[in-house]
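Below is one structure, written out as structure tokens; the observations come after it.
By letter and in written order, the chains are A, B, C and D; residue numbering begins at 1 in each of them.
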């Protein structure tokens, strides 16, 4: 067992930290969030130049042959910076799906473009009725000649407003919640019959509701084997969860540090409020939640390659942990910052909002407690 | 709406308080607990003389025509004194069953004896496999001539070692968990075929495992209508829950007061530990749990006569509340008393143990949360 | 001890219910205090209907327009208002400044201000908190210097709710800086149109504009607008802080919110089954309902004790703590029930297109509401301060 | 970063597993530390098997019999011990006093005591706490007055675990009462057979006898039995308190206890369905398992950091807090699972008859165990003290 980072990993972390320090302070971030597009494509190019977008992919596809530890490092630092650009969606989730399920042609077509920052992807897996069940799909792709015709609606597709292509889960057979009969398709967002409603999300990102009306797909749009996509989607989502946990840890650590600093300087009743034992113990609990969350984040990122039951247990336990910890740390950071914590002006509330939304992403605490219990 | 006590009720409380002060200090209580019999029959006689055993019964049966408020007062004070004598079992639970379901003859035979302290009863409702489901019964009473033959086993019958008679729930028809087909019988503990194993309980009371092997009962042993006992049993248990809540409140208030006193006098690091804000807030939380529990205790005792759904909601919400509060208050009282709280010598641990067992009596927090939700 | 309503009380309940059904302004239906699109006129429309009926301030002394209701009647009244989801009026005039005026004000102040408050002619805001002061109210630094018949006021107030609508502000100012913090404070009534007052919005993290920072620069306030004695303002403010706790638990509103939560959970499908039947979610709702029930009966006990002549005691801090905890947990569960549809954000940012709706209607705005409710454990004396109060005043620690 | 075991580590795991299977004393199977019927000989039987193998004190320096295991090996060893439910040895000699002796003792003390501890010849107890001192260890008042080659010791020690078996006690005594509390303390090794020592049992609320009060009346202790300098004992004790935290989280034991809990829940029927399938109960078990998992990886991180040369830091207070919380919650759930059968009491009170058993075997003793485990958040520096330590040493508050 080994919990140390390689020199390359440390360099990677330093370069992400430096980028955020130089380009992504809170005011800059807020400007991005309030801009028309809601992201900064120049930053995306910079990520490509720093090699972040290439980190997990094989060298033959323009990657650096890194793994979950590398994306974990990026996500933790992105969490610290509240980065809104769709790294999780494009690189970890969609990149992961292509990497796992794609044909050689799809991989060599798409992965280098992701790595180079030329292709942004979003994954349309959720549906309005489906809640967190990845198999609860009404969207259908009917065979038509060599290809398919896609109909359905997808919910809260994070990052979709910026995406060039979507990876869409749809039924090619089976009933609404069957585990079999699910397929993945790579769909051009500009294709006929695709309509979107874009909106900002509460945590400063962007998402879309997407409708597919008789969208014509050719056979090459199919990603992986027809009807057998669920295990692949679950594995990719678990990898995304591992990244999301790291992001949450980044958020929690910023909040905990900021709260400790604030309580050391903020005076009430003639002394720093950090002198009050109740607040001290509250901050100790925040600190412990950070540490436990970090432990679980390491754990899940190191276990993604184990067999399915182990991977599911790792991902769901980690997600449940960071959901619980994130709620506590976020709420207490706001509470201990008092009125200031409530304002839009201070960064604290924005980390809190992001942590709140992280809990609902890919399934909340309850969902993952049950998934963990079922796999145990 | 009115939350005040009548003068008679205040006198009743005073007389119980005085009795406990004079006869039931902690050392005396421990002597009783460690005596061979585990109770003090002289105290039982004194309860009769004070009118406590007669409180809820109609005057025609030798009672004082009181109601749940009177038994609530007695139980709260008994909780403060950690009284082990079987008031809840004999007067509230069994007395309640006879009062609700008994024939005129059974009432005029038995209630005056309870009121006079001549008859001690215990209710054998639980079975080893049944957990908290009152309808989960394997004990069966088969018709035989004019009477019945009783076979089965009952679990943890609190107060049974001191009882003259038992009220036993048994199936006269139906399958193991049917709501119909349950009957109640009044059984002499000395009858042929009744065997008991008596033991002390962890909270200083006594209980028995009881086996019935071909116990012959005559028709007069039947209490209430054959096969229709479940609603009666549920109502009586809800009344017992209302009394038990009052007992728990008594325990919690003693623990909270004792903890506050202890923390005011106990010095560490050169000052009373009650100066430490974390302990102060912990005690505030204990105090609030006491207040919330008291509110719920009033509520349930005032709602016992409402329709079934309202009564069930009242009883189950109150029981869930005192289960949760009792655990918190008990654990924190021990924690704040430090090592002393762990000892057998100090009363604190004994209140904690009693509160722990109160949670499991008549169904724990989970059971009553579900029962409440189902009735809502 | 008795929980039953008398026939008179039932008749009263029906009267309140009928009144609301007949008179509640149609345009207010389904709208809640703090909604971004509520105008001053919206609030006033309901205020005036209540004033006309004589019910806008039932807790006031009879001579100023109050009602001699029993605590049960007040309970019924509040319950019915919440049950019908009536808009809650702002407390600054009716509940907060009025008692100070009738208790400590001069006759001419009572004669002038109380009817105007009653009839909704002045919208009031509260100038207590200052930047940097937080829970330590007495550390305020806004200065008022005497200049003939006026005070010249300089300083800043913050977290001033709905000051954007305000005609008047009641305000604590320091008139003597050389004594200990609680001394040397005076209580002024300031016309918001006075030159030198700037109201600057504070946007909260939910995107809403409820609170403001107020800058006072050489603001001339007539000495006649001081309530009570100079330098004794802290005493009056403390009385005000202890006054009228009856609504603090928010029981009736929380019942309505739980009904809303249950409706959302019933309409949300999870694996084809309503979320309301999910064991985890139904358990959380049940636990919350039980906590609210306990709070309701504690509230009733405090109410009964108050109407038996005991003033509002420090026990009412329980109502603040438990009340806000319940309110916060309800919104937490609303967000949980909304699932992914807690994400779309509706306030203060522009949207493109409206070709189809974003998620179920009940889910809309749940997250901002959750964020906004975090304030309740901070303001009005943070819940930590409330626990300090109980520790000291009740437990003697 | 890597979680995989190397082939060597797997071989080591198998070696430990085989050793336990072959050598664990049969009469100890199914028995746990603290069980009322465990004798001194029972503990020693296992101690001697381990000592013979050279595994009784793997963390000791090599020269005294330790092993140069990696942190992974230690983790494997502890895991296997817990997995097989091996009796935990008492830490007082092996873990607590030995490091003080080898760090601060004279050569003759090391030569004499360390082999005796290693081989189980002396049973040690810890004389730190005093009546009335609690978490404030430094306030101790037991006096040692120099009389030639001896100290005359008077005073009392309490919460002394298993002193009823002890041959030796390591003891903090005050040798200079005129300096501030942390100064003027010396560290003595006292033979329990010395005249003037009385051991009085303290019965805990679970009915057990694990702890004792010790009275010292004119007890003559050779000055040669002092470790280190006079009046410097507090320094040594502090080092000891910070030493060898590796077992403090109790992860491996808690895993075993959860297995036991799951077995009880699977055997308990509720409405004809195993309790392990009840949504409420299974959720609690899952939540507990996840907390334990987080603790396990935090423990591993601390272990890794220690073996990378960083001393045990204040972060290990996390392990104490979270470890005891998990342990306590497990016993809480054991009692919940036992239901009514948590009631029968088995210790220290007589029973009549034994014609049939009281409840399922796994439920027996659950309540006393729950009661007993409350001590874990009190002793060894209460969890409140641990939070103070983190606040100060880690967060700089």
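The rule is simple: contacts are C-beta pairs under 8 Å (C-beta built on N, C-alpha and C of every residue); 3 or more make two chains touch, one makes a residue touch a chain.
The structure displayed is predicted, hence computed values, not measured ones.
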Pair with more cross-chain C-beta pairs in contact, given B-D and A-B: B-D
Chain separated most widely from subunit D, comparing mean CA positions: C
Averaged-CA centre spacing for the pair subunit B and subunit A, given as whole angstrom: 53
Inter-centroid spacing, subunit D versus subunit B (mean Cα positions, whole Å): 39
Averaged-CA centre spacing for the pair subunit C and subunit B, given as whole angstrom: 43
Set of subunit B residues in contact with two or more other chains: 276-278, 281, 369-370
Numbers and ranges of subunit C residues touching at least 2 other chains: 280, 283, 384, 387
Touching residues on subunit A, where the partner in the complex is subunit D: 1-5, 69, 260, 263-264, 274-275, 277, 280-281, 283-285, 287-288, 291-296, 298-299, 301-303, 317, 320-321, 369-370, 372-373, 376
Residues of subunit D defined as touching subunit C within the complex: 279-280, 283
Touching residues (chain side subunit B, partner subunit A) in the complex: 276-278, 281
Contact set on subunit B toward subunit D in their complex: 34, 126, 128-129, 131-133, 136, 155-156, 158, 176-177, 195-203, 207, 209, 211, 266, 268-269, 276, 278-279, 327, 331, 334-335, 338-339, 341-345, 349-350, 352-353, 356-357, 360, 364, 366, 369-370
Complex contact set, residues of subunit C against subunit B: 1-5, 71-72, 75, 282-283, 285-287, 289-291, 293-298, 300-301, 304-305, 308, 315, 318, 321-322, 384, 387-388, 390-391, 394-397
